[in-house]
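Next come two complexes built around subunit A: one with subunit B, the other with subunit C.
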Partner chain A sequence: MRYFAQRFLQLVVVFLIVTFVTMVAIQAASKDPARDLAGPLNSTEARVEEIRKHYHLDRAYPIRYAYWLKNLVTVDLGNSPTLGASVRTLVGQRAPITLLLGLYSIVLALAISLPVAVYAAYRRDGPFDRFISGATFAAVSLPNIILAVLLGYFFATRWRIFPYAASKIWPWDNPGEHFKNVALPTVTLAVGLVAIFVRLLRSDLVNTLQSDFIVMARAKGLSPARILWRHALRSSLFSLMTSVALQFGGILGGAVVAEQIFALPGMGLLLFQAVQQKDLLVVQACAALFALAVVIINFAVDMLYAVVDPRIRHARALG
Partner chain B sequence: MTAPINRPQEGTLLELRNLRTHFSTARGVVRAVDGVSFTLDRGKSLGIVGESGSGKTILARSIMGLLPKRGTIRHGEVLYAGQDLASLGLKGMRKFWGQEMSMIFQDPMTSLNPLMRIGHQISEPLRVHLDMDKVNARATALKLLQDVGIPEPEKRLDQYPHELSGGMRQRAMIAIALACGPTLLFADEPTTALDVTVQAQILDLIQDQRRDRNMSVILVTHDLGVVAGHTDEIAVMYAGTLAEKASTTELFANRKHPYTEALLRSIPRLDQPSHTRLLAIGGRPPDLITPPTGCRFAPRCPYAEDKCRAEIPELEAASADHSFACWHPVGSPRWQSKQDELVSTGVLSASGGIA
Partner chain C sequence: MSDTVIEIPSRPNIITSLVRRIPPLRKWKFGLVLSVSYIVVLTFLAVFANVLPFVRRYNVLPKGAEARRLASYRGKPSSEYWFGNDKLGRDTFARSVYAAQKTLTIGLASIVAALVIGGLLGMLAGYYRGWYDRVLSVIFDVLLAFPAIVLALIVVGRFFQGGRLNLGVFEMDKRFFGVIVVLTLLSIAPLARIVRAQTLSLSQREYVLAARGLGASSWRILVREILPNLLPAMFSVAFTGLAVLLVAEGGLAFLGFSVQLPFPTWGFMINEARSDLTKGGGWAVFFPCVLLFLTVLAFNVIGDRVARRFDIREATL
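So, the complex of A and B:
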C-alpha cells in the first residue's frame, strides 16, 4: 500500500511538470498569447485586453499555471476562437477515438507478437526465427508515415477493402463500421509495435528458457506448450510490460500522423490543427490529456508488475 | 501411493553400455562423457563421484535424456528395464520424465519456478501424468509435503519459493520429484547449495524415501563424504570415464584406483591427528577436447609409466562388486615401490600414508 501511494504521488508530480513545461513552451513561442487567443477575426484591442485579464496572461507563469490548473479541475478550459466551440467539447468529442486507437493498436500488437515471439524463441535460430528477426528489423526501420500511405494505397484505393477517409463512428453505435474505419490507422500504429514487442519478448524468452527451472519443468515431463506458456512466458513479460508503458506516449504521437493521413477526426487531428492556428488552449488541453493517459498507463503497468511477480508483491508488503 | 501395481521389486533396472556424450563447440568436440558402462539394480543407490568437470552431471542428464539438443552427440545404449531409451523419442521420454525417472537439482532457488505457488508446482505433474483433478492433486501434494517433512505443509502449498528457507525449498523439490512415484531418482548435488546442518537431513530424507518406495537412486556429488553413508555403491568418475566402481564399504576399505586413493587422501579424517596435512592432487583435470591418449589420470598419477600414457586401461571387474580401470592399481608392485619412495622422501608418513 505504501508503494502504491508512493508511485501514485510520483506520477502526479510527473503530470504537473509535463503540463507546466508544455504551457510555458507553448505560450513562450507566441508573440502575444492573448492576441492568439482572441482569434484572428474579432481581435479588437479591448477584446485582447479582456482575454489577457481573463486568462491572467499578464501574470508570471507559475500563477498562470495555477489558474489553468484550477480550470482543469473544474473542467472549464475556455473556448477555442478558431473552432468556435469550448475546449471541453472539442476534446470530449475527439479524445475517445484516439484513446481507442491507441488501445486497439496495443491489443493487436500483443495478440500478434506473443505467439510469434514464443514460437521464435522455442525454435531459436531456426528458419522462422531468422525470418522474424529480419522482418521485425525491417518493420522497425519503416517510418509509420510511409506505412500509412502504403496501406492506404493498397487497402483503400486499390482493393477498396477499407475506407481511405475514415469517419468517426462509435463502436456502441455500429461496431462493424467502427472497426472498418479504424482498421488502417490501427494497423499503421501496430506494425512498429509488433516489431518492438517481438524482439523484446523473444530475447527475454530465450534467456528464460535457459534457466534451471525450465530444465526442471522438462524433467517433470511437461509438454513444450505448457513449459512455454505457463512457465517461461510469465517470467519473460517484464521488459514487454515496461515497453508497453513507454511506447504509449509514442503511440499517441503516431496517432497524430495516422489520423492526419486517414482524416480520422481524433485528438491527433485536433492537435495538429490547433498548433497550426495557434489555438493555445486546445494545444495545452491536448498535451495535458496525453500526459494524463501516459501517466495512467505507467501506473497501471507498475501495479501489474506486482500481480505477475509475487516477489515484488511481498517486498512491497514488507517495505 | 501412485506407484504402478506390477512393478518388479528386484533385478536390473538400468544398464549403460558404452555411453558417450559429446558436444560440438567452436573449439572442437568436448568429450564430456566418453564410454561409460554400468548397471544399477532396482531399489539400490549409486553415488557418482568426481570433481567438477568430470562429466558426472552430464552423465546423469544423458541417462535421463535431458540435454540440450543443439550440438549434442550421444552414442551407446541406455537400457531402462530392458528398453533402449533412444528408441522412445522425445514424446516417449516425456512420459518417462516425472513418472519413471525424475531429478532433484542442485539449487532449489533457481530450479523452482519463482512465480508459481509450491502447491501448483507439485500438483502439475500429478495432473499431467496421472490425470488427477484439482482437489485430488492438491490433497496428494499436501501428503507429499508431509512425507518430505516440511513444517506447516498446508500453509506451504500456497506459498512461493522465495517464502521458504533453503532446506524447505529442497524438500519441496524432492516432493515434486517424488510426486508421480518414480522408479529411478536422480539427485544432482542435492545438498551443495544448502547449509551443512541441513545437508544430512536432506540426504537422510532421500534414503528414507528410497527405502519406502523401493526406488533406485543415483546421487551425483563431488563430495565422497556425502555418498559414504548414503549409497550402496560408488562410481568414481574422472575426465568423462569411470575410474573405479565398487560397493561403498569395499571402495573405502579396498580402493584400487590411484585417483580414488588421491581423493580419499584429500579429505580430512577423524582418526588422523588434527593439523595433519592434506594431500592435494597436483595438476588439473585434462582438457576434454584433446584428452590424454592413454589413461586419463596418467598426467597427474604418481605411479604412471609409459604404458599408462599410451594404452587406455579398461574398466575390469576384480571381484563381483569391484571394478577399476588401472594398469598399476593400489597394492601392485609398481604402486608399492613408488609408495616406498614417497615415504622415504617424506611426502607420505610411514604409517601407510596421509590417508
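So, the complex of A and C:
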C-alpha cells in the first residue's frame, strides 16, 4: 500500500511540475502574453488590459498557476482567440480523434503482430522467422516521416484510394468514410508498432517455448496450436502488454507528425497550430492533457507490475 | 626461504580493461560490414564535403543557359547531377552530402551529451538510491511527460531563434544548437533509466562489496568498478539512440523546428520537396529519404550487433 501511495504522490508531483514549467516557459517565451491572448484582430489597449486582468497575467507566476489550476478543476480554461472557441470545446472536439487514432493503430498492430510472432517463434530460425526478423528490423528503422510521405503520395495523390486532407467524420455518422479518413495515419503509426511488438513477443515466446511446462504439454499430446495459443502465448503476454500501454502513451504524444502530414484534426494538429499561432492557453491545455495521459499510463503500468509481481512493490518500497 | 616476489598486477586503465573484455570477432557478419562501410563512406563525404571536387555546386543556383538546360532534366539523375536537382536547379547530391554533415553532427552531439548527462544522473540514482533516486526519478518522469513539440517550441522557438551563438571557443548557428539541446533533453530520461537499472544491479555485485570493504570511496567505486561495466551497454545504446535521434530530427524538421537554410538536414530536404512530388520533384525527395533510412538502419544494425556481442538485453530504447 505504501508503494501505491508513493507512486501516486510521484504522479501528482510530476503532473504539477510539467504543467507549471510549461506555463512559465511559454508565457515567458512570449513578449506580452496578454497581447497574444487578445488575438491579432481586436487588440485595442483596453482589451489587452482587460485580458491581462481576466487571466491574472499581472500577477506572479505561482499565483497565475494557482488560478490556472483552479480553472483546470472547473474545466473552464478560457478562450482561444485564433480559433474562436473555448479551450474546452476545442479539446473536446479534437481529443477523441487522437484517442481513436491511437486505438486503431494499436488494434491493427496487434492483429498483425500476434499471429506473425507466434508463427515465427513456432518455426524458430526457419525461413519465415528469418524473413520476419529482417523485415521488422527494417520497419523499426523506417522513419515515420518517410512512411507518411510515401503513403500519402501513392495512396492519396497518385492512386486516390484514400483522401489526403482528411476531414473529421465520426464513426457513428458514416463508418466507411471515417475509416477511409483515418486509414493512412493509422497505418503510418502502426507499421513501427508491428515491428516492435513482433520482436518483443517473438523473443518472449521463444524463451517460454523452452520451459518445462511446454515439454509437459507436448508430452500430454496437446496439439501445437493449443500449446502455442493457450499455454505459451498467455505466459508471454506480460511484457507485450507493458509495451502496448507505453506505446499508447507515446502515440498520443507522437501523433503530431502523422496528423500534420495527413491534416487530421486531432490533438496533435491542435497543439501544432496553437504553437504556431501563439495560442498560449491551448498550448497549456494540450501539454497538460498529454502529460496527464503519459503519467497515468506510466502509473498504470507500474501498478500492473506490482500487482503481478510482489517482489517489485517490496523492493521499491524499501529502496 | 626463497626470495618469492609477489607480483602485484598493475591496474589497467578503463579503456584497456574494456578492450580486453571485448570478445574477439570470430565472424564478421555481412550486414555489419555493410553498415560500417556505409557509415565510414558517409562520414568521409560529410567531413570532407568542403574540399571534395564532386560535391562542389552546393547551393549554387544555375543561371542562363545552364538553367534552361536543367529545365529539360526535370530533376532526373544524370552523370553530372548524380541525384538530380530540385525545382530551383540545385544539386541534390551536393545538398544531401552537406545535409549529412548537419544531420550527423546534430545526432552525434545530442547522443554524446545525453549519454554523459543521463549516464551520470542514472549512475547517481542507481548507486545512492534513497532520496537521490526519488528526486531524479521525478525529473526523469517530468522529462518523459513533456510533449516534444512544446519543448521544441520553447527551446528552438524562443531561446535559440536566430543568429550566431558565441561560446567563446567556437561559434555556431543558434538554431542548430537549439535542435541539439532539444534532442538531448528528449533522450536524457530514457538513457538515464537504462543506466540506473544497470547500476542498481551492478552495485549489488561481490566486487563492489569487496571494494567497499577495502575502504574505497564511493567515487572510486563508481568510476573504477561500475563505470567500466556500464560502458558496453552505453556503447550499444549510443548507436541505437543515434538512430532514434536521426528520426526525431526528421520529425522536428517536418514541424519546422529544425535548422534553417542554408544548412538543410535530410528531414528538412524531404519536407521542402514533398509538395513537388507530383511536379517531377520525386528524386529530390527520394534520395534524402533513402539516405536517412539507410543511415538509421546502419546505426541500428551496429547497435544490435554490439548488444549481442556483449549479451545486453536491457539496452533497447
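To be clear about the criterion, the second predicted complex is superposed on the first by the 273 of 319 C-alpha atoms of A that agree within 3 Å, B and C clash if a C-alpha of one lies under 4 Å from a C-alpha of the other, contacts with A are read in each partner's own complex, and residues count from 1 in each chain.
Here is the rule we go by: a contact is a pair of C-beta atoms (placed from the backbone, for glycine too) under 8 Å apart; a residue touches a chain by one contact, two chains touch by 3 or more.
As the structure is a prediction and not an experimental result, all values here were calculated from the model.
Novice: With both complexes overlaid on chain A, does A:213 touch subunit B (first), subunit C (second), both or neither?
Specialist: A:213 sits against subunit B, while subunit C stays out of touch.
Novice: May I ask you to decide whether A:238 touches subunit B, subunit C, both, or neither, giving the answer as first, second, both or neither?
Specialist: neither
Novice: In the superposed arrangement, which partner chain does A:137 touch: subunit B (first), subunit C (second), both, or neither?
Specialist: A:137 contacts subunit C only, not subunit B.
Novice: What is the contact status of A:3 with respect to subunit B (first) and subunit C (second): first, second, both, or neither?
Specialist: neither
Novice: Identify the partner contact of A:290: answer first if only subunit B is touched, second if only subunit C is, both if each is, neither if none is.
Specialist: second
Novice: Quick check for you: in the superposed arrangement, does A:223 touch first (subunit B), second (subunit C), both or neither?
Specialist: In the superposed model, A:223 contacts subunit B only, not subunit C.
Novice: Tell me which touches more residues of subunit A here: subunit C or subunit B.
Specialist: After superposing on chain A, more of subunit A is contacted by C.
Novice: Quick check on the output: what are the common subunit A residues between the subunit B footprint and the subunit C footprint?
Specialist: The overlap between the subunit B and subunit C interfaces on subunit A is empty, containing no residue.
Novice: Could you please specify the touching residues of subunit B with respect to subunit A in the complex?
Specialist: Touch residues, subunit B against subunit A: 64, 66, 94-99, 102-103, 105, 107, 110-116, 124-125, 128-129, 160, 162-163, 173, 176-177, 180.
Novice: Going by the contact rule set out above, which residues of subunit A touch subunit B in the complex?
Specialist: 211-213, 215-223, 226, 231, 234-235, 308-311, 314
Novice: Which of the residues in subunit A end up touching subunit C in this complex?
Specialist: 10, 13-15, 17-18, 21-22, 25-26, 28-29, 137-138, 140-146, 149-150, 153, 157, 253-254, 256-257, 260-261, 268, 271-272, 275-276, 283, 286-287, 290-291, 294-295, 298, 319
Novice: Taking the complex as given, what residues does subunit C use to touch subunit A?
Specialist: 129-130, 133-134, 137-138, 141-142, 144-150, 153-154, 157-159, 243, 246-247, 250-251, 254-256, 267, 270-271, 274, 277-278, 285, 289, 292-293, 296-297, 300-301, 304
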